[in-house]
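In what follows, subunit A forms one complex with subunit B and a second complex with subunit C.
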Partner chain A sequence: MEFYRLLRGEFLKQKKSLTWPISLFAPILAGGLSFINLLIRYDYLMGLEANQGLSSWNLLLFQHHFMWFIFLPLVVTVIAWMVHYIEFKSGGLKNTLALPVSKKKVYLAKWALVFILSSIMIIINGFVLLLVGIALRFPEAVDFILILKYSLYQIIGILSLISLQTLISAGINNTNIALAMGFVGVASSLFFAQSEKLAKLIPYAHIIFTLPDPTINNHIPIQYGLSLGMAFLLIGLIYFNRKEIC
Partner chain B sequence: MRNIFGIEILKLKNSKALWIVTLAPIFMVVQGALNLMRYYDLFTGQGQNVWEQLYSQSMIFYVSILLPILISIVMTLIARIENTNNNWKHYLSLPIDREKVYGIKFIIGCMLIFINILVLISSIIIAGKILGIEESIPYMDLLTKPMATYIAAFPIMAILYVSSIGFAHMAIPLGIGIGLTLPAMIVANSKFWIFYPWTYPIMAALGGDMEIFNKGNIIYIVSPMLLILVFSFGYNRFLKRDII
Partner chain C sequence: MSELVIETKGLTKEFGSLTAVKDLNLKVKKGALYGFLGANGAGKSTTIRMLLDLVKPTRGNAYLFNKDIRYHRKEILRKVGAMVESPSYYENLTAYENLEIIRRILKLEKKEIDKALEIVNLSKWKDKRVKTFSLGMKQRLGIAQALMGDRELLILDEPTNGLDPAGVREIRNLIISLPEITGATVLISSHILSEIELIADHVGIIHNGKLLFQGTLEELKEMGNREIAIKAQPLLEAEKFLRNKGYDVEMREGRLYITAERINIEEVNREMVLEGFGVSHLSENKKKLEEVFLQMTGGIEG
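== the complex of A and B ==
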């Protein structure tokens, strides 16, 4: 019960902040760009030798993923930062923790808020892709399974990044550093992804492997996104529980 | 004027802005150098210049993603203290010249980005030496291209600075910075690139190496013009700004 109250409190804190508009607008912006991209270049892209044998839905996901694998982690980093920035800005954390509430639950509520917002963003992204395909009148029937797989892999794959950024944002008193670390990590994610061994251990690279395609190892986000997500969450809980608030 | 400059620098002391602008390019160059090492044969197998390859590998993500995002962070940090708890009203009620405050804050932001570029250049040279590249260092390319990138980034700096001063919430300039960075690579491949300042650093940094980004010198004319235009717009708004 205490956890739900804390979570509700977290949602209330974000009521007038920009986390909601960002979460809702980000997939619409990315989807809009993919729509324009395919509206102009559909015939050209379908004619490329590299895209031979791809359905229109696969092509849409390929083109969209090229932006989304950067956009999603960046926005999640910003959301994790904003959730903690509110506390550091107003010194609210020490007020909350001075009350008889469990530190672990406070941390968990913040983590859950970032996870819920990220999941909403990923689900909206799936819907936007669906609408883009319908608006572009693809000749093939809607590939629900493909979009569902894509969204599900992302929800699992993003866990590691959420846990890491929540840990960094909560752990470093200067939240700007947490933000910068996240941005640098995301900007280098494609480098990390060139080595599967390294990509498994780097949360910033997990989202790259969420595109449902036989050439891409989707086990990385499922196995390592989930396990590293849980591991970083656990480390965060232990760390936050011991952290002195003064 | 010196006082304002000193105070503004002091405000940034705890923001770790200097650390951010210094470490970020080092990290990108390390990534680029490691990537070059991994695919050394692929990148240099046809007799390509190794320095050029190291430069391209270090620059491609730096210039298209990291630099514009770093500019967003730096410009946001510049106005952080004043935007927190609406401290502008205290600051602007003091007997100081608004013109100087506005100008100095921007100069400091630009200086931090300049440091970022200098660290990038030094890191590439050091990385090349560590890798043991035998060819002579192409100083002209390694110095001029990042400097040209800096000039090409003027409009981004101005737009994000004006947004940081204009909006009290830090997420807005950050959101603008990130949101406009993403389509840059796509727009850079289109004929509309000139209308999109986020493509200018890409053209300036990668123009010589990649045919598609070769767009001539028009950027260096448009870029300062846009800087003056956007900065003047923000400046006028700032001068007319209500204290309360």
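== the complex of A and C ==
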């Protein structure tokens, strides 16, 4: 119950902040761009040799993913930053921790808020993709399974990034540094993805592998997103519980 | 003996080679309005953070309500309202919403918000966003946050910091009224002596992490009366004589000044006269509280 109360408090802190608009509009914006892309280039793209055998839904996800694999981690990094920045700016953390609450639950509530907002964003993204496909009148039936898999892989794959960014944001007093580190990490994600080992170990690269396709190793976001997500969360909890609030 | 709400035993905090708080034995009695006085960097905020378990002591213990904060953190903090260093507020929210966060966390009834706003005189502005507030209003909101729930101890760290004179007076009057309104013991830290003098009934003076004085304001003021100015001949011999008697003597501008915790002025006079000194002037200097403080903390000489 204490965790739930803290989480409700975290949600209230974000009222009238940019966190909600960003979470809601980021997938709409990305979906809108994908819509325009396919509206203009659908025939051309379907005619390409590389896309032979792809369904319209596969094509939509492929095209969307080129943008979304950067967009999603970037926005999640910004959300994680905003959730911690509000404390950094207000000096609220020391006063929250002077209340009879568990430090671990305070940390967990912040983590959960970022996770919930990220999940909402991913789910909206799935819905938007459905709408884009319907609006473009794809000849094939709606591929619910494909979009569901895509969304689910992302929800699991983003765990590692959320836990890492939460850890960095809580660990560094100046949260702007955490934001900068996140930006560098996301910008470098494509380079990390090219290395077999780094693709698994660097959370920023995990989202790249969430596109459901036989040529893409979807085990990376599932296995490493989940395991590193839990590992970083645990490290964060231990660290934050011991952290001195100076 | 009065019940102690706060008691620290040998409380010490070291940050690497820097000792921020050294062997602090603080005692705050129930019902007191305790002024924790010290210059910036003296160790006030670190002490307060240790009292609230935000910072772990290197050595020693902090007891609140006779329980060690390290082992009874939640139980103790349920009774403690605090404003640490500066008021914290979420500017995007209204005053009411800021208190609503605390209310949710503490699982209080909604009327507690109105009660706290009423005490700090912010009811009229409860639906205004905090970013439109003046600094004084923000400070009052910070105090309101500390008042939420039935707090038995209020810890206010520099609540008048950065305020203009009118704002200082407003917050001062509010703090003075708190024990009567809430029944809580209040610990207020400040680096401004005049503020503490006007607010507190008990004082603790901290300097370079050490507690130099602790007691009532009257006791502190009395310390300022314990300087005796003496004009005697021969002066150098008189100085030597008084030193041999164990007095702390200083010579300034042709006079001798004795400072000690307890001085009997008649006895000093008798001893000097019996020894054959010509005592032409003997007076008790009434030092101002500010001078006592500065002398205690090494801010001025003499």
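FYI, the second predicted complex is superposed on the first by the 246 of 246 C-alpha atoms of A that agree within 3 Å, B and C clash if a C-alpha of one lies under 4 Å from a C-alpha of the other, contacts with A are read in each partner's own complex, and residues count from 1 in each chain.
One rule holds for everything that comes next: contacts are C-beta pairs under 8 Å (C-beta built on N, C-alpha and C of every residue); 3 or more make two chains touch, one makes a residue touch a chain.
For clarity, every value in this text was computed on a predicted model and none was experimentally measured.
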Ask   = With the two structures laid over each other on chain A, which partner does A:Ser227 touch: subunit B (first), subunit C (second), both, or neither?
value = neither
Task = Figure out whether A:Ala187 sits in contact with subunit B (first) or subunit C (second), or with both, or with neither.
result = first
Ask   = Given the touch rule stated above, what does A:Val75 touch, subunit B (first), subunit C (second), both, or neither?
value = first
Request  = Report for A:Ile177: first if it touches subunit B alone, second if subunit C alone, otherwise both or neither.
outcome  = first
Task = Would you check which partner chain A:Gly9 touches, where first means subunit B only, second means subunit C only, and both and neither mean what they say?
result = second
Query = Between subunit B (first) and subunit C (second), which does A:Asn241 come into contact with in this model arrangement: first, second, both, or neither?
reply = neither
Query = Where does A:Val101 make contact in the superposed view: on subunit B (first), on subunit C (second), on both, or on neither?
reply = second
Which of subunit B and subunit C A:Asn37 touches, first, second, both or neither = first
Message = By the touch definition above, which subunit A residues appear in both interfaces, subunit B in one complex and subunit C in the other?
response = 17, 89
Query = Okay, in this complex, where on subunit B does subunit A touch?
reply = 14-17, 19-20, 23-24, 27-28, 31-32, 34-35, 38, 61-62, 65-66, 69-70, 73, 77, 80, 84, 169-172, 174-175, 178-179, 182-183, 186
Note = The residues of subunit A that touch subunit B in their complex are 17-19, 22, 26, 29-30, 33, 37, 67, 70-71, 74-75, 78, 82, 85, 89, 174, 176-177, 179-180, 183-184, 186-188, 190-191, 194-195
Request  = State the interface residues of subunit A toward subunit C in the complex, per the touch definition above.
outcome  = 5-6, 8-9, 12-13, 15-17, 86, 89-102, 244-246
Remark   = Interface with subunit A, subunit C side, in the complex: residues 49, 52, 54-56, 73-78, 80, 82-86, 88-93, 97, 100-102, 104-107, 129, 142, 145
